[in-house]
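Below you'll find the structures, each written out as structure tokens.
What follows is chain A paired twice: with chain B in the first complex and chain C in the second.
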Partner chain A sequence: MLGEPKVGVVIVSHSIKVAEGTADMVRQMVGDAVPLAAVGGNPEGGVGTNVELIHAALQRAWSEAGVAVLVDLGGAETNSEMAIERMPPAQRDRIVICNAPIVEGAIMAATESSGGSPLEVVRHAAEELMAGR
Partner chain B sequence: MEREDRLALIVAVARAVIAHEEELTRLDQAIGDGDHGVNMRRGFEAVLHEADALAKLGTAAALEAIGHLLVNRIGGAAGPLYGTLALSLGRHGGNAQTLDDWILAFGQAIEDVKRRGKSEAGQKTLLDVFVPVHAVLVEKGAEAVAQLHRIAEDAAEATRPMRALRGRAAFLGDRSVGHVDPGARSASLVLGVIGRVLCGEN
Partner chain C sequence: MRQEAALLREARDSAELTNAIGLHARPSVKLTQVAKGFGATIEIATAPDGPWTDAKSLVRIMRIKAAQGETLFVRAHGADAASAVTAVADLIRRNFDED
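This part shows the complex of A and B:
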């Protein structure tokens, strides 16, 4: 299993502080084995989400195993969908937005990914958090 | 549509949105996160900045280019929705010649906005302006264009008693009742100005 690509994780928040803070927690708990990118805010540095910035984050965290995206509120999801559509068609189908709380979901997804699980299992691990509520 | 007509339309819509920043902010502070005015101004300032270059393109190509600008510059929840509307209108209007062709393309673009927002009319969003305005356009054609301003404003006003089911306002539930939806208001601004310019008013 060593050397196999691991599922990337992208954290999309309206606030870069929330996104980077979440990424800090992921790195502390899971380590650096998983491709990870945090993105948030608008290009002016204010609160918001932006397609170009999210697209760049998807490229940073891209993995042949796919990418799991964690989002916070409304616009983060729609902007992430548009950013995914800007990825090459062959990559697009291997990027999923998880229906999960952003902090807990990112940690669960990265934990599952670090063990070498495929994208659907990673997504399921994050989304189970919602099912358990 | 000639280059000068496209330029007049682009400039008029952008200026109207920019001029109403404060009103959109006020509406969004009541039931959203207060960023709709700033976001729309930022998006349409980018459009205004590029107006000359955009107007040189054909109408459909200009709409697609505007869509990309709006997606990138508005941000928030409105960026993908207005961006999708313009992109889709450009794609579906590629061969449009007549008003009826454009009304058909507008209807297809609205369907794309619904898919993007996972929403329908009746949920207190910009769709509550686009959908009823499109229905009147289908029914009355050019006659409706002459009244677009009033029809769109009435549709926006009709969101006041609605309960928000999508977007940030949905968190407020019943407390969203009694306020005009900021997205519906900005949609009515855009459509109203388009109507006025197409009828030769300014």
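This part shows the complex of A and C:
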């Protein structure tokens, strides 16, 4: 399993502080083995989400194993969908938006990815959070 | 003899949770990551007869909410079951390397 690409994780929040804080938790709890990118706010530094910035984050965390995206509210999801559309067609199919709470989902997804699991298993791990409550 | 071979592929161990906050988030991540390094199925329980929880599922491990002083029982099935239970139980005995 060593050396095989691991699923990347992208954290998209309206607030860069939330996104970076979540990424800090992932790095500290799970480690650095998983490609990780945090993005939030608009280009002016305010609260919001931005397709260009999310697209850049998807490129930073891109992995041949795919990318799991965690989002917070409404616009984060629609802008993430638009950012995914800007990725090359061969990569788009390997990027999924998880239906999971952003902080907990990022930890679950990254832990699953760090063990070498494929994209669908990573997504399921994040989404299982909601199923069992 | 085949039956005996099958029995040999199950392994069990147990260890007391001694870290102050028990099986909370960070230890759960470590336990899951160690478990994922083995091919064997690995399960955790807070009683010797279960109910058993998949040690490779972080979501399920965190739901156990085991506290300090509880004993965690570990069982595994598969070719590397023996080394798997040893690795998981040792991690618990080492306080998840938190001290």
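Observations
The criterion applied here is as follows: the second predicted complex is superposed on the first by the 133 of 133 C-alpha atoms of A that agree within 3 Å, B and C clash if a C-alpha of one lies under 4 Å from a C-alpha of the other, contacts with A are read in each partner's own complex, and residues count from 1 in each chain.
Following the convention adopted for this analysis, a contact is a pair of C-beta atoms (placed from the backbone, for glycine too) under 8 Å apart; a residue touches a chain by one contact, two chains touch by 3 or more.
Please read all numbers here as calculations on a predicted model, not as lab measurements.
The superposition on chain A brings chain B alongside chain C with room for both. Within the superposed three-chain model, A:Val47 lies in touch with chain B and out of touch with chain C [touch as defined at top]. Once the two complexes are laid over each other on the shared chain, residue contacts for A:Met108 go to chain C alone; chain B is not touched. In the superposition on chain A, A:Leu129 makes contact with chain C only, not with chain B. Once the two complexes are overlaid on the shared chain, A:Gly74 sits against chain B while remaining clear of chain C. Once the two structures are overlaid on chain A, chain A sits at the apex of an angle of 150° toward chain B and chain C, using CA centres and rounding to a multiple of 10.
In the superposition on chain A, contact is made by A:Met29 with chain C only, not with chain B.
Put simply, chain B and chain C get as close as 27 Å, counting only Cα atoms, in the superposed view. Every residue of chain A that touches chain C in the complex is listed here, in rising order: 28-30, 107-108, 111-112, 114-117, 125, 128-129, 132.
Across the complex, chain C meets chain A through its residues 25-26, 29, 32-33, 36-37, 56-60, 63.
Interface residues of chain B, counted against chain A in their complex, comprise 33, 35, 38-39, 42, 71-72, 75-81, 83-84, 116-117, 166-168. Contact residues of chain A toward chain B in the complex are 42, 44, 46-52, 73-75, 78-79, 81-82.
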